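Right after this note come the structures.
Common to both upcoming complexes is chain A, partnered first by chain B, then by chain C.
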Partner chain A sequence: MSNNSQISCTQDAALRSDIDRSLRHPVMFFFTSGAAWLALSLLLGVIASVKTHSPEFLGEGSWLQYGRTFTAHLNLMIYGWGAQAAFGVVIWLMARLSRKPSKNAGTMLVAGHVWNLAVGIGTLGILSGHGSGKHWMNFPTFVWPVLLLAYAAIAIWVIVTFRVRKSEDVYISQWYVLGAMLWFPWVYLTANLFVNVFDIHPLMAAAINGWFRHALIFLFFTPIAIASSYYIAAKVTGRPISNASYAMGGFWALAIVGPWAGMQMLSGAPIPDFLESVGSAATILVGVPLIIAGVNILKTASGKAETVAHSPALRFSIAGTFGMILLAAAGVIFASPKSLQFTQFSLANYGYDVLALYGFFSMSMFGAIYFIVPRITRREWISGGMIRSHFWTSIYGVLFIFLFCTLLGAFQQGSAQRQYTEAWEFVVQSTLPYTIGMTVAWCFILYANIFFFFHLALMWLRLGRLSSHPTLLTREHGSNPHGKEGNVEDLNEAGA
Partner chain B sequence: MSDSSQNKPDLDDNTNVLVNASAVKRENNVLKDGSEPISLWVMLGSALIVLVAGGALFNSNLFNYDELTAASYTRQAQPSDGSGGVVPIPAHKAYDKVGAKLAKASCLACHGSNGEGAGAVPPLAGSEWVNGPSMRTAMIILNGLDGPIEVAGKSYSGNMPSQGSGLGAKELAGILNFVRGNFGNEASFITMEMAQTAIDSSKERNGGQMTVSELNSNYNVDIEGAEFDPNTLVDPISLEPVEADEISPH
Partner chain C sequence: MTFKSFLIGMLASFGSAWLFVIAIPTAKMGSLEPLKMSAEADAEYYQRKTSGRLLNGSEIYSANACYACHTQLIRPTTLGREIWRVDSAGICDPAVRLDTRRETSPYDFQGEAYAQIGINRMGQDLSNFGYRAEVYAEAAGMTPEMWVLSHLYQPRNSALHIGDGGQKINVSWSNCPSQPQMFDKTPLNGQGSKLAIATDLEDETQIIPSEQAIVLTNYLLSLKRDDALPEKLDHSPKQLEGADSN
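Up next, the complex of A and B:
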């Protein structure tokens, strides 16, 4: 009996290892290039943030003015880092959960290169002044079909992997991943067609642009982050999802509510009123599926405080889950019509983006990356200290941006804007502490992610620790649950 | 996947897959689904969120297409001097604004929206009773008018009720300047002091509507008062002239 289970355990490990090997090139490519774009995006974000309070910074060259650096920063965060981290996690997660090694790593790798090329050209386009000027789709307009094609070449294999899955059970993460894979082309194609191709009323184009931003958050980044956190929480703690049927309810709630959000961005504009109020209500209501997933993940990991503290993957995923719950609260605060009057044209939108993209999505992706990379490179993370500082500087940075700059700053800026008898300088002055605070916070996050990129790049070069021990975020070595540490090759020889 | 392939070293490795894949070997399995009870926090949080969302949805115009923008997004712009105070404007504009509001309700309903008159109601435009001596105009407004009257070459049998109730100096001056300065009329400017003089002399009467003969015998004069340049800058609310040094530089 014990022999049997040992064999199946070995077979299991062999299959996992097979899957990891089959996907190591695209996954590492997505992660590492994503992290590089993230570092660049944050550098541009720091520049843009400094420009808001010290416009003379870096002189008067048009390439580094606020209008270009800010949009390049945000779009790199979305398409350079966010989408690529999502691709890496999704292809690996789907293969693992479907128990199928991938046969199409090459195609995905090529598509990944196309995606990166398009992102690079798009960023140069923005910085050289050829951006489209449309929020969240600022790349020059010829870029979006290329991105969509590259996406299709990646996502199709995720869906195929699911189709040929070996296991009968469909895990909750697979639902979320499948949802995201199918929603993205719908959202992306619809929005880009209406905004960039069809000749529709510009007001409606702006409203659709607002919808695009929210749909991308709620129907792409959110489900992938939730999928990853459900998996990591269950995997690392070795416990089942706290309540699985409830988790399914959360998925369907997100699927039903998510697509309605976004048009409250144009509140007060002469578009049909129900578009705005439905957008407001949906952005608030998305909090329900977020809280369902968030509490479910937290309860899965509850009572395992030590594991949460020690495992980098779980620690980041749980932090991302708290970010998700904070995002639910942020939706309630910022999307209700009463506060929209204040926050509509303030820091609130950017703060919400930062919380969704970094505080929630990116933290979950970091968790997944810290889990996946040691498996596909078969090396352990080099430095626990580096991971720890990545974690804490990220947390401090994003919390400072959201709790201080966004919550306080948005309302102060909004109420200053409403004093329309005052000169605009009054608004700038009253927002000054928050913009300076934002610069400081971005510097923290930039610092964190430059080291994250180097750490990841070293892992990609297979310079990770060749150890039987995972890199845990603990300082003492005696209490390691994985036994005596040693070089795996030495242990192997000793065992043989 | 045969046994032999597992035991062979990988292409770019010199060791067996399973040997140094320690991360893979120590992994937990993903367990079958749990079914712990639903957390109270989810219930409370969701209820709160649904409540707020319902408020956002149903406190709006929804499918009312007549209102283009929500009420809270429209605002009457006020002139400003940049420091929160109001910008002074020329007197004739300020008085005109005050008068236009009142005249619309009190005068133009009968005398026509352009002061052209209507049927039995004589016109304001080009009327000698409006453009002539200002005391006559003021007394008609304050007391009304009864009996036959000739206006702009046509005879009317007037019965105009008094419009004087609630009129202060500011309002009367506003109305006078409005009717005497619009519809092609170009009569002299009436200050608030002048309007007060007219109100005072109206009070000395014993009430009742004016007649043409009384107007011509007692009130056929311009209201007495100091000369006033209609272009003087005044506060748009109080209509008081603003001293030059009170105006902040721009």
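Up next, the complex of A and C:
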């Protein structure tokens, strides 16, 4: 190796280290508080799920009443966990890819506290009976402007980091992150203004709510998960992205199709027919960009089965990518007018949300977190076993919810609803096995994430392993590809 | 690709969808023309008649997320069959040649800020719950208001569901949450409140509905979305030959 390239390697490592250090506090804050909200959301999800088959569980008091726990569970998963995991990933990813340490960690940290405070107040609002009653927008209405302002204080620095980037090259992940940063305020502001502020036709308000839910999935959670998985697949395997033109084409396909989806939720309602048809068509067609990105990520990692199995970051990201491909298939199945006859008012809507938010987005975010946290804390994950159990209980749980409870359950529920001469008890009894199944699956996922939260909290406290070896998901310690075990701090001193 | 061309692409792709899916349909739905009941020159204009404190009641319905299990939408028969479920889409009584069943119309949510279409039918559609409550109440020998209040307090109370032969119908399978927070336990004074749903003479207490429960009950009883529509909007199935539409 020449002297110049050695200097450039050292400078590069120093720059990466500067970036990691500059963002350590906001990123860890977003991840850890997000994971805490996720654990609470899942606990509420389990309670709500039990109440669907045993309504007297934990008494029938007001705070834990089904409607409130169910909506608090979903809103916490979206704003408490999802958005915060996304913030942590995008600020770090954008700084790393733009090769620019952050100078605004303090502002982002303050914004993060405001965001958490608003989420906490919003959740208390829902549980105390002051929810807005608009799905995915259930926080009391005074909360949304606060969330939007906190978001602006975070997103603006992501865009500024991109604008002052050092490198000329722009990676596909940066375009996806930028897209998400710009789509979110437009989608969120539109939905809240039209639904909560403007005096519009009540049916259009409901239609815009359906659109909002899909726009948030396709134009915020999806691009961030794709950005993260592209980055991790390329970084961990040490390969360039399989096909750069497809990657860019996939982005624009998502940009063109995504904003039309969602109003099929009101199929059969007296709104213009065009809205229902275009909503169905777009939700089906969005499968194209999802599959383009999915195949591209899988091809980038193809032939590296061992790396996928051993690297926690890559394993979760690839699982998230399969989740994305399954989401594309779910769109085709559930958004077609033929299926809507059965599934429009069934477990399908919840199952689709769970697949998008957990099976796809959260799995990708876990991948990113397992990658980023050791770099910014300079400590390795404490236990490979904990990561493995997080992975498998998540996979079993989410697949059971989607394949059994949603695919099978929704059609059986819908078909029972169509038997109009039967008493309603028949519909409830037909749905019962699937609601019980959902409870079991949520227990698995809750178990996984309570340990994930503690694992992450210990990392935040810098109690991770002081090792030069990353924590891999392999049981054979003798054959570690990174050579002899050592203390990372000693190595640094030796290097210095 | 430059940042500028990226922004133009984003603006064009999102902006066009925003315009055609959000802005224009909202403007069009916000300015629905008044409709005449028929094509005749001297026909009356259609006016949806509603009563009760709809807005407050629908807010309580929303805050407790009743929409998580109940819908308020009667779809065309190409999509759903709820129009044929008894007392779901209106009244169908061949004995008096009456059939008011119909799909949901754009005027049905008048007086509400948000149409609670719903996301799941764990419970029945509530578009015409007002009629069902009246039928159940008559069978149980109660006023509709008392019946709904008692149902909100305990939906699994089989005494509220009386069959044709006077027997109780088992509803212990229901997974509808009860709403005890909408009721208060108060001392029993004199003859007690006429809205008391339970009285304990030993303790000298009674369970009476709060303002919330009464407002929600009024809203639920107002759910009768089967009034006769102008000819232009009327797609209701007319199975009974010569049946009146209302």
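To be clear about the criterion, the second predicted complex is superposed on the first by the 487 of 496 C-alpha atoms of A that agree within 3 Å, B and C clash if a C-alpha of one lies under 4 Å from a C-alpha of the other, contacts with A are read in each partner's own complex, and residues count from 1 in each chain.
The rule we apply is simple: a contact is a pair of C-beta atoms (placed from the backbone, for glycine too) under 8 Å apart; a residue touches a chain by one contact, two chains touch by 3 or more.
Given the structure is predicted, the values throughout are model-derived calculations rather than measurements.
Peer 1: Given the touch rule stated above, what does A:Pro55 touch, chain B (first), chain C (second), both, or neither?
Peer 2: After superposing on A, A:Pro55 lies in contact with chain C but is clear of chain B.
Peer 1: For A:Pro240, using the defined touch cut-off, is the partner it touches chain B, chain C, both, or neither? Pick first, second, both or neither.
Peer 2: first
Peer 1: One more residue to check, A:Asp169. First (chain B), second (chain C), both or neither?
Peer 2: first
Peer 1: Just checking: does A:His135 make contact with chain B only, chain C only, both, or neither of them? Give me first, second, both or neither.
Peer 2: second
Peer 1: Between chain B (first) and chain C (second), which does A:Pro337 come into contact with in this model arrangement: first, second, both, or neither?
Peer 2: Both partners, chain B and chain C.
Peer 1: State whether A:Arg378 touches chain B only (first), chain C only (second), both chains, or neither.
Peer 2: first
Peer 1: Contact-wise, after the overlay, does A:Gly67 reach chain B, chain C, both or neither (first, second, both, neither)?
Peer 2: A:Gly67 contacts chain C only, not chain B.
Peer 1: Tell me the contact category for A:Asp18 with respect to chain B and chain C: first, second, both or neither.
Peer 2: first
Peer 1: In the superposed arrangement, does A:Ser267 touch chain B (first), chain C (second), both or neither?
Peer 2: both
Peer 1: If you lay the two complexes on top of each other, which residues of chain A touch chain B in one and chain C in the other?
Peer 2: 267-270, 272, 274, 278, 337, 341, 420
Peer 1: Can you list the chain C residues touching chain A in their complex?
Peer 2: On the chain C side, the touching residues are 1, 3, 6-7, 9-10, 13-14, 17-18, 20-22, 25-26, 28-30, 32, 59, 61-69, 71, 73, 75-76, 78-82, 84-86, 88, 103-106, 109, 112-124, 156, 171, 173-181, 233.
Peer 1: If you look only at chain A, which of its residues touch chain B in the complex?
Peer 2: 10, 12-18, 20-21, 97, 169, 171-172, 231, 234-246, 267-270, 272-274, 276-278, 280-282, 284-285, 287-288, 291-292, 295, 299-300, 328, 332, 335-337, 341, 374-375, 378, 380, 419-423, 466-468, 470, 482, 488-489, 492
Peer 1: So in the complex, the part of chain A that touches chain C is made up of which residues?
Peer 2: 51-53, 55, 60-62, 65-68, 70-71, 129-135, 138, 162-163, 170, 175, 178-179, 182-183, 186, 190, 194-195, 198-209, 211, 219, 248, 252, 255-256, 259-260, 263, 265-272, 274-275, 278-279, 337, 340-341, 344-347, 349-350, 413, 417-418, 420, 424-425, 427-429, 431, 435
Peer 1: Could you list, by residue number, the parts of chain B that touch chain A in their complex?
Peer 2: 1, 6, 10, 13, 15-39, 41-42, 45-46, 48-50, 52-57, 59-65, 67-70, 72-73, 75, 77-78, 80, 82, 84
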